[in-house]
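The following pair of complexes shares a single chain, chain A, combined with chain B in the former and chain C in the latter.
Up next is the complex of A and B:
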């Protein structure tokens, strides 16, 4: 498995897309900090980008890689290697290289601009952890979609639709349900509803760490009493890791079962 | 003969009018302030030298100058009220007064002025107090350069720093008030000038107005108060050049207006408040040249606000510029600068060619269902905000700034 991981990882690290992705974050980080020169403000702006862009890139990279490496995967399947090792190794290769690009691309500018001395270091750390989780989640989801669809166009379409659903449509439906049931106490519902979507969960987790959390008012207080504590943070991170583990397990199961 | 007699008469008269100076110290004739005040004649001067005087209920019932040299301490030992002024023309200055008693039935104050005129209270330092300076049915007085620092934690067992009740024509200048319930409190008090004070870290409001008309407050700083500044049920209030800063918390406002008519709010700065100004039932107010920076909501307009004008204000990086809870709009927004304005200025006259709509759909939705605030900063919200801006359906469609400025004012 390690060999496969190593192969996919180096393969991706050599590809120009990884460099492009890395340079994009590097530029973004420098630009943001150059424009407002305030590390904690930079984090707020970055939040918007991370919760939308990271899942999208994870999805597209994941699905592209899987389809491109299809012949190679078929070749590997003929070898005496466990199937689970092949898929898991490929997944870790893609997810790992994307996470590395993200962490280095954003980390370097922030460190250059004096993150270490700033109080925002923990918020930034959380931002990176959340970014890494989102990368892994959406790569795993993309692999699942790719495994189920041999047709590239269809698979690509489904993967983008999945991203679209979790990033935008889900919030729309969620909002609609909140408006419909506005007569009822909605705090617990809102809490559960936002935990069910990894993008929402990540967004709220970071929002609560920043001082705009008081804008959330009473609902925010409910959220803060849950996520604000260490216990809540652990629960949230646990849910995020569940979001990684379940699609990965599913992918391996699907891969074992699939007739290539 | 008559010449000499006349001189004698004048000398005698001068001796009568000549105010005496009475000294108070540990080794003087008088070692207690209370005793000295009691013995003093009207218009005398009582000078108190350095030391700690453990006294309460010092009652000044004649025109008098009571002055501390090198900040003597009057310690009430938590027993009750310390100085009560019930006469006109009293000048009180230069004491450190501490340990005013706390009571749940009587409002003990460090200094209370009752039904008096022409008083001047100056250079006092108040510590560990219940009420600080309490003016009751008094007028034409000045409260200057005092420093009040309490240790209030809860609202129910703490008092106000400077409390005006049924008083008028008072000037409150250059005071610094910290950690009490309400920094400055006015009730039924007209023609008051509050200038250049600092009101910080108070449990409730930095400044609290109730039923008080024709007052001005200028050049004050209100920072980090539990609920900001509240101005309620008052007419003709002038609020200019104040700074409202860091009133940050779930129930906090920079400025809370309720039932205010014909006021002027000009040249103020609202920085980092949860709500810059919360407006309820307030009419004919002119808001001009104010700066709203980094607030959660710059303006929260609730019901029944008519004929207000918002002119030439700067709205800079607020999470929401304006929240409005009705479809009706009778207020005018003109020539403001909005940092989130995305229009253009083709004819280069400094005024944007596209009107700005300050109310976002999201702020409308949040007003209706507060729980939806958890969708703050989600992509979906950005998208529907954009579509609402293009063709308004839910937000009042005449609520626009038709002449948004391109540059900060």
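Up next is the complex of A and C:
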């Protein structure tokens, strides 16, 4: 499996899109820090960008890589290699290189800015962890979509729709449902609703850490009152890792029964 | 060497393999014949584990292959279409496959035979169809394993490469290898095959030597014998 990871990773590191993604974050990091001159404001702006953009990039890279690597995959399937290792290795290759671009692209400006000595280092670190989780989650979701759809156009469409739903439509529907049922006790419902979407969960996670109640919103506030800040952080992180494990397991299961 | 029993496979409503029973002994060249869509590639890919059968049993070298992967160590497979990751160079691909299989490979003489040395630094996406097929052959024949599975290996080969390829086949057969070949070129079958396996509509229609086939249908050449057989089977 490590070999598959190695070849997928090399393959992506040679693609110009990886560098484009890296340079984008590098530029974003420098701009936000040096124009803003305020680390915690910079982090909030970054948060808003990360929770929308990282899933989108993970989705698009994941689906494009899977379809482009079809020849590579069929070549591997005829070799004495376990199927689950092929898909898991490719997934780690894509997820890993994207995470590396994110961490380096944002990390370098922050180090240059002298963040290592500031108190915001933990907030920033958590932001990167959340970014890495979102990358892995959406890459795994994209792989699932690609495995189920041989037609590239359809697969690409479904994957982007999935992102659109989780990043934008979900919030609208969720809010609407809260308004409609406002006469009922909604705490548990709101709690489950925010856990069922990794993007919402990530936003709450960072805002809990930053301890900015104003920005938390209703679901965040419920989250905080239910779990408290520290327990809330741990619970959110645990659920976020479940959001990685379940789509990955599903991807492997789907890959094991697919015909090539 | 390879035992197939009651193999079934459907793709949605298309029932491709309808209960294949087949016993392939070790040693010799087996030509797998049949019209387009008769299930040749599906059967081959089932042996490779690339297609998961709906029903039935597959054994390679006595070992049930369901959910296994290590048995592919004994198999060299040449896919129907030489579809390689386009951004790799020829020598990078060869090195990668050797690295992945962890077997010793003897690719130098093969590269020489097929005149591929000038192309080693070229990207696979820039190769012509014939050259890609030669790379495909090198990748298949560079490992010394007991079973070869070749899906339409002659596609795109020039006459010289074809002669080299036939020589290679005979050499491997003489070493006692089991070689399965699908093809539509009857003169090629006549020249190299020891046995014929004929598939029609997802079932085995005939298995036996060329002489046996010719005797049954009182025919001079394989082409007509096969045509008669197909007609008979459809009538029945």
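Note that in this section the second predicted complex is superposed on the first by the 244 of 260 C-alpha atoms of A that agree within 3 Å, B and C clash if a C-alpha of one lies under 4 Å from a C-alpha of the other, contacts with A are read in each partner's own complex, and residues count from 1 in each chain.
Heads up, the rule we're going with is that a residue touches a chain if its C-beta (ideal position, glycine included) is under 8 Å from a C-beta of that chain, and two chains touch if they have at least 3 such contacts.
Remember, predicted model here, so these are calculated numbers, not experimental data.
Novice: Touch test for A:72: chain B only (first), chain C only (second), both, or neither?
Specialist: In the superposition, A:72 touches chain C alone.
Novice: Check the residue A:231 against both partner chains and state whether it touches chain B (first), chain C (second), both, or neither.
Specialist: Neither partner.
Novice: Should A:203 be classified as contacting the first partner (chain B), the second (chain C), both, or neither?
Specialist: first
Novice: I'd like to know which partner A:83 touches here: chain B for first, chain C for second, both or neither.
Specialist: The answer is second: A:83 touches chain C but not chain B.
Novice: I want to verify the contact counts: of chain B and chain C, which reaches more residues of chain A?
Specialist: The partner making contact with more of chain A's residues is B.
Novice: Considering only the touch criterion stated at the top, classify A:259 as touching first (chain B), second (chain C), both, or neither.
Specialist: So A:259 only meets chain C here.
Novice: Given the touch rule stated above, what does A:154 touch, chain B (first), chain C (second), both, or neither?
Specialist: neither
Novice: Quick check on the complex: what are the chain A residues that touch chain C?
Specialist: Listed in rising order, the residues are 3-4, 7, 11, 14, 69-72, 74-83, 256-260.
Novice: In the complex, go through chain C and note every residue touching chain A.
Specialist: My answer: residues 11, 45, 48-52, 67, 69-73, 75, 77, 79, 83-87, 96-97, 99-101.
Novice: Which positions of chain B touch chain A when the two form their complex?
Specialist: Counting only chain B, the residues touching chain A are 248-250, 252, 274, 296-297, 319, 365, 368-381, 383-384.
Novice: Using the touch definition up top, name the residues of chain A that touch chain B in the complex.
Specialist: On the chain A side, the touching residues are 47-48, 51-52, 167-169, 171-172, 174-175, 178-179, 182, 186-187, 190, 194, 200, 203-204, 207, 211-212, 214-221, 223.
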